[in-house]
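Let me give you the structure first, and then I'll get to my questions.
Read from first to last, the chains carry the letters A, B, C, D, E and F; within each, the first residue is number 1.
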Amino acid sequence: MRVDGRSSNQLRNVKIETDYLLHPEGSVLISVGDTKVICTASIEERVPPFMRGEGKGWITAEYSMLPRATGTRNIRESSKGKVSGRTMEIQRLIGRALRSVVNLDAIGERTVWVDCDVIQADGGTRTASITGAFVAVAIALNKLKVEKNLPELPILDFLAATSVGILENEGVILDLNYAEDSTAMVDMNIVMTGAGEFVELQGTGEEATFTVSQLQEMLAVSDEGLKKLMDIQRAALGEIATFIKSEAGSNIQ
Amino acid sequence: MRVDGRSSNQLRNVKIETDYLLHPEGSVLISVGDTKVICTASIEERVPPFMRGEGKGWITAEYSMLPRATGTRNIRESSKGKVSGRTMEIQRLIGRALRSVVNLDAIGERTVWVDCDVIQADGGTRTASITGAFVAVAIALNKLKVEKNLPELPILDFLAATSVGILENEGVILDLNYAEDSTAMVDMNIVMTGAGEFVELQGTGEEATFTVSQLQEMLAVSDEGLKKLMDIQRAALGEIATFIKSEAGSNIQ
Amino acid sequence: MRVDGRSSNQLRNVKIETDYLLHPEGSVLISVGDTKVICTASIEERVPPFMRGEGKGWITAEYSMLPRATGTRNIRESSKGKVSGRTMEIQRLIGRALRSVVNLDAIGERTVWVDCDVIQADGGTRTASITGAFVAVAIALNKLKVEKNLPELPILDFLAATSVGILENEGVILDLNYAEDSTAMVDMNIVMTGAGEFVELQGTGEEATFTVSQLQEMLAVSDEGLKKLMDIQRAALGEIATFIKSEAGSNIQ
Amino acid sequence: MRVDGRSSNQLRNVKIETDYLLHPEGSVLISVGDTKVICTASIEERVPPFMRGEGKGWITAEYSMLPRATGTRNIRESSKGKVSGRTMEIQRLIGRALRSVVNLDAIGERTVWVDCDVIQADGGTRTASITGAFVAVAIALNKLKVEKNLPELPILDFLAATSVGILENEGVILDLNYAEDSTAMVDMNIVMTGAGEFVELQGTGEEATFTVSQLQEMLAVSDEGLKKLMDIQRAALGEIATFIKSEAGSNIQ
Amino acid sequence: MRVDGRSSNQLRNVKIETDYLLHPEGSVLISVGDTKVICTASIEERVPPFMRGEGKGWITAEYSMLPRATGTRNIRESSKGKVSGRTMEIQRLIGRALRSVVNLDAIGERTVWVDCDVIQADGGTRTASITGAFVAVAIALNKLKVEKNLPELPILDFLAATSVGILENEGVILDLNYAEDSTAMVDMNIVMTGAGEFVELQGTGEEATFTVSQLQEMLAVSDEGLKKLMDIQRAALGEIATFIKSEAGSNIQ
Amino acid sequence: MRVDGRSSNQLRNVKIETDYLLHPEGSVLISVGDTKVICTASIEERVPPFMRGEGKGWITAEYSMLPRATGTRNIRESSKGKVSGRTMEIQRLIGRALRSVVNLDAIGERTVWVDCDVIQADGGTRTASITGAFVAVAIALNKLKVEKNLPELPILDFLAATSVGILENEGVILDLNYAEDSTAMVDMNIVMTGAGEFVELQGTGEEATFTVSQLQEMLAVSDEGLKKLMDIQRAALGEIATFIKSEAGSNIQ
């Protein structure tokens, strides 16, 4: 029995509110339990220097937390004058994950800037960011498709992320909240496509280790949760969702 | 006739949603037209080094904007590794303004951290921040009063802020939105107490100048607007508002 | 009676030494009592990126203090690796003020760099900087007029700045020195043109507030002081002063 | 057939030279093919502030590359004034991995600083760093055991790391060199204990995805490679290796 | 014949104005030709962490230039957010030089902060800084002697610095101005005590080299110049100069 | 008698291992006693902005130490976010020294990046860096000569560096190790060409001074040592050494 009464393979209550902000090309407020993240997608009409002239697009992501997203106030990274290792790791993960399902060749020399700003944190902020950012990117790219008359939505498949973990007493559980995450022996983040294939798999023994069979149990539990998250994404996207084919096989490129 | 149909002395639609976030001692989401700011107040059980041992409290404020709060994406100050002059100026103003109506002697050696995070910007973000932050601070200090059994709410008076400006065709107008602010010849921010006294007055001719009589016209218009803002604060605070006396005379200390 | 024996509406002794340095296009050493600031104006043959191609000039200001300009040594901002909020606020103010009286269209795509370096501080460094910088800029622009054969001196009016404040016992006083500034309840900086119009008005209650009638009293006192400062500027500029027309009406552009 | 003639499940030539440097408590030069990393372990007689008073030790790791470790010269991170996201990610990984096999309770309030400096890079620098750093830490902790008369070597198990990946033509391969890594569709780093349990698993589809069965194939291949790496570690450590028990079951703490 | 008409072994016109600023314990304005430096000495009642508890004092120096000290405006190091290599080299030199003639044991656990701010530059700013700073330090330490009743002035000898160089046509010359310095093939800075001993000798071939006999010629020329500089220091210090014994032999400690 | 048994004018054991690394155009590992430095020379096909269009090359040097090159671990400069004054001083020295013996006109618009990374320190790291870097640069430029068909090796003469010092009991000694350097009263670094001319001379009294006759004694001792270092360089360079003419007279340009 989990702290908040969920069963071991149960997601928290997930809501995705689209067009949350006025200015960005795509924006959502995603809530995964008490974790709330504003995800926006902005389209810039150029690519970073290292990509110029290749006729290809790029996606880059930034992640941040409001100082009081958490129980104790955090010092702003702008005040410290540098971005923490944790933030860098998360924003690299978000960008990499999204690039795997966007047809970068089809968007031309443009950059999609993804901003994930956590306004309230209760565990799973990086996976909520990916799940929400996918929807924001889809909305922004659909706008681009319409405006620039692209032949099709340049998205190859759905993309969602969740966490699984192992707690001493509860065993393998899905979608850890902060209290669970703090005591987990093993913590794994999984990013998956609509076709059920992995984009990222990051499992970490927190001063502990895990076996192959525990890995398999975690993957099974996450699989279910990710499918439900994609249903919620599909509902939030409405008609746009119908433009995304997810029958894609392994090693999409 | 103004771009959004308001009369010259009319505020935009203002909403203050209290207890917007779970973790901070005080938090609100304030909307002034399309400008939206999350204001939180966090209480820390210590003061900055230069104040230790004086038995007195402190209030410090930080201000930031989400990258896509605006029409074009701004680079994060954490990525740039430094806080801009504009941000510093605003957060110094917010802190100074709030300190003028809080009884710092009565809160003991504690720091109230005020965080104003603009999630959507349409002009007037600094004045919306002050108006919203006042409510967040009142909620947080009321919580402190209850928990620490303080004899009374350590707030001396209401505090709100707004802008007035002069446009070439419209003349003196209240509460400028972004479109108006961009073309204003004169721009003035006024921070006032419930007793109708000034805390801050910052008038700037934008490559222009203004006369004494124009100053007086601007002050008259802002006075009305600030009284309405305090009514909205009072409504948002509910019972807590009744603990704030605003009959205070000049030069409260 | 004030600490240094002045009457309430009396300026300190003001001296402006022109052509103080060899290299800059314009330079002065301004002394306002014991406050001493080296103000230089440098002309660079280009404008910042955001202004290129508009055929217009720009003025930007920087402000700094020697470490021992003050009673206690301050750590250099170059050693700290960042510029303080106070410095940024001041240099933004100086730049904005000067831009309001310079005909930016008439100077072409050039930047006037204004540097105000306080070598000795006794209160009022930002207003002394503005008053001195105006003279340095006038000298530099006169040199530009001669060299580039401009039809007239691209300065629209005189510009000076001073402070007024309210002390508990002294009431409203003009041109506060450091001792007065430290105990002032209200502190106001006023930047005015030769035509008697405001360019900037920044009034702050230091953990206190002020009324409309106190504001008016402060404005009256400052008005007198600013006229005297402009007489001193006129004397320092000599013939150049005769090229500046100050009959300009409100909202010069 | 691989670029360097290896079979798909073959490691590169691995050498671990112990006591490579004079000053550190533990040091090795590890070569994995042309990848060469100097790994040192330094023992400091205190822990970071957040751990003081808990009677427990800590391990922290730093990673860097010489500018010409690579084919093209990289700008030093000290010159750029900040550490890249990639570096932060790697050093966090190294630290986390080592902490999982060291008995932090047994080393007292001490920090083991691990420094991995890549002097020559040909792919797999992070996994070579972990494999080499384990040996350096074992040597340093054995020195501590002797000097401080610890009852036993505070190391719970062996620890090694390697990479596996999927190439378009080669399929699943072990221990990718730089040429292979640059064209890999999937790249996975695996950190494992002597007991054959996972400490970290980081699989990434590089603008591609992978299936459960591909995951299993990769894990099988890496398992073999990791066992060989531990044999090389054992040989390098000599007598010290005999103090490390690796029969430890799942979820060691 | 030199650009400014001096003979090869002639110093520029040197003036040292003492007590130039109000606040510092010691301050001078030194002019060496058109090079002008404000040198101040501030006494702080503590030493840096690495020296605490040794009962000994410390001297540390900082050096900076106003942006328009030079013909072209330099960007402030505070704006760049870092101190240049040239600045660091100079301030390390100034500190080291002064420490060699101050009896650090006799000043107790205090730091003498030396600030050299170049307000106008025409070559030789580092040597002018040392020569001027010596006088500022002597004044500050004499004040300390009086206030703290030290048995004697804690200064072991005079200290002055100058430059010598080799120009293609002029040969060896003393006290190079900027025009000379820019074309010099060899440039040497010499810091010497009243006893005629070296404290620092820094000779550099600027894309050139020099022989032992050229070295000797340069040392002979500088010797004369340094003696004259010390006469000027003696005159500036007045009575304080009589407390400095300069008969000290080699390797004073 | 010295701590390590050497006579006063005896170098430590010096070894130069060429082509130490795979990727750089030139690389050596130089050992001077226990001091070990990896020196690399990288050729970049462009020059810094201030030199573009002059048809001339440039040499720039960077210097760093591994954290545990020394007895106590040093914090990385990349972690501190800035390069220390000592590092800057050393890398400026190395670059300047090498530029004096390279024919910059003959290498075209290219930059030679010199990187000196100290992996083990026992005094004399800056002089070992120069001595080793010269060899790395010669190898790299010889490669350039071959590839670009340059008429001759663009090196004007040999270049080596060493230190001399004065110890209280030992008197003048050559090539100080760390223990000697820490107690030296005078420390001098000398950079010399094959023709026996000075490129740099940096003598410092460490809270002490030195006389002209002590200077001469130090120069005599260093002269011998430098000649031996150049023999070792010649042997390491093999055939390449024969392309370097060292009969060059004074003031080569």
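One rule holds for everything that comes next: contacts are C-beta pairs under 8 Å (C-beta built on N, C-alpha and C of every residue); 3 or more make two chains touch, one makes a residue touch a chain.
Quick caveat: nothing in here was measured; it's all calculated off a predicted structure.
**Q** Angle of the rotation mapping subunit D onto its copy subunit E, from a C-alpha fit, rounded to a multiple of 5 degrees, please.
**A** 120
**Q** As a test of understanding: of all chains, whose mean C-alpha position lies farthest from that of subunit F?
**A** Farthest chain from subunit F, going by C-alpha centroids: B.
**Q** Look at all chain centres (mean of CA atoms) and spot the one farthest from the centre of subunit A.
**A** So the farthest one, by centre of C-alpha atoms, is E.
**Q** Quick one: subunit B and subunit D, Cα centre-to-centre, how many Å?
**A** So the centroids are 52 Å from each other.
**Q** Please compute the C-alpha centroid of subunit B, do the same for subunit F, then give the distance between them in whole Å.
**A** Centre separation, subunit B to subunit F: 60 Å.
**Q** What is the distance, in whole Å, between the centres of subunit C and subunit E, each centre taken as the mean of its C-alpha atoms?
**A** Result: the chain centres lie 34 Å from each other.
**Q** By residue number and range, which residues of subunit F touch two or more other chains?
**A** Subunit F, residues with two or more chain partners: 81-83.
**Q** With touching defined as stated, please give the ring order of all chains, subunit E first and subunit F second.
**A** Loop order (subunit E start, subunit F next): E, F, D, A, B, C.
**Q** Of all residues in subunit C, which touch subunit E in the complex?
**A** Counting only subunit C, the residues touching subunit E are 21-24, 27, 34, 38, 40, 42, 44, 62, 64, 66-71, 73, 76-83, 87, 113, 115, 117, 119-120, 122.
**Q** Would you tell me which residues of subunit F are touching subunit E in their complex?
**A** 82-86, 88-89, 91-92, 96, 99-100, 104, 166, 185-186, 188, 193, 195-212, 214-215, 219, 250-253
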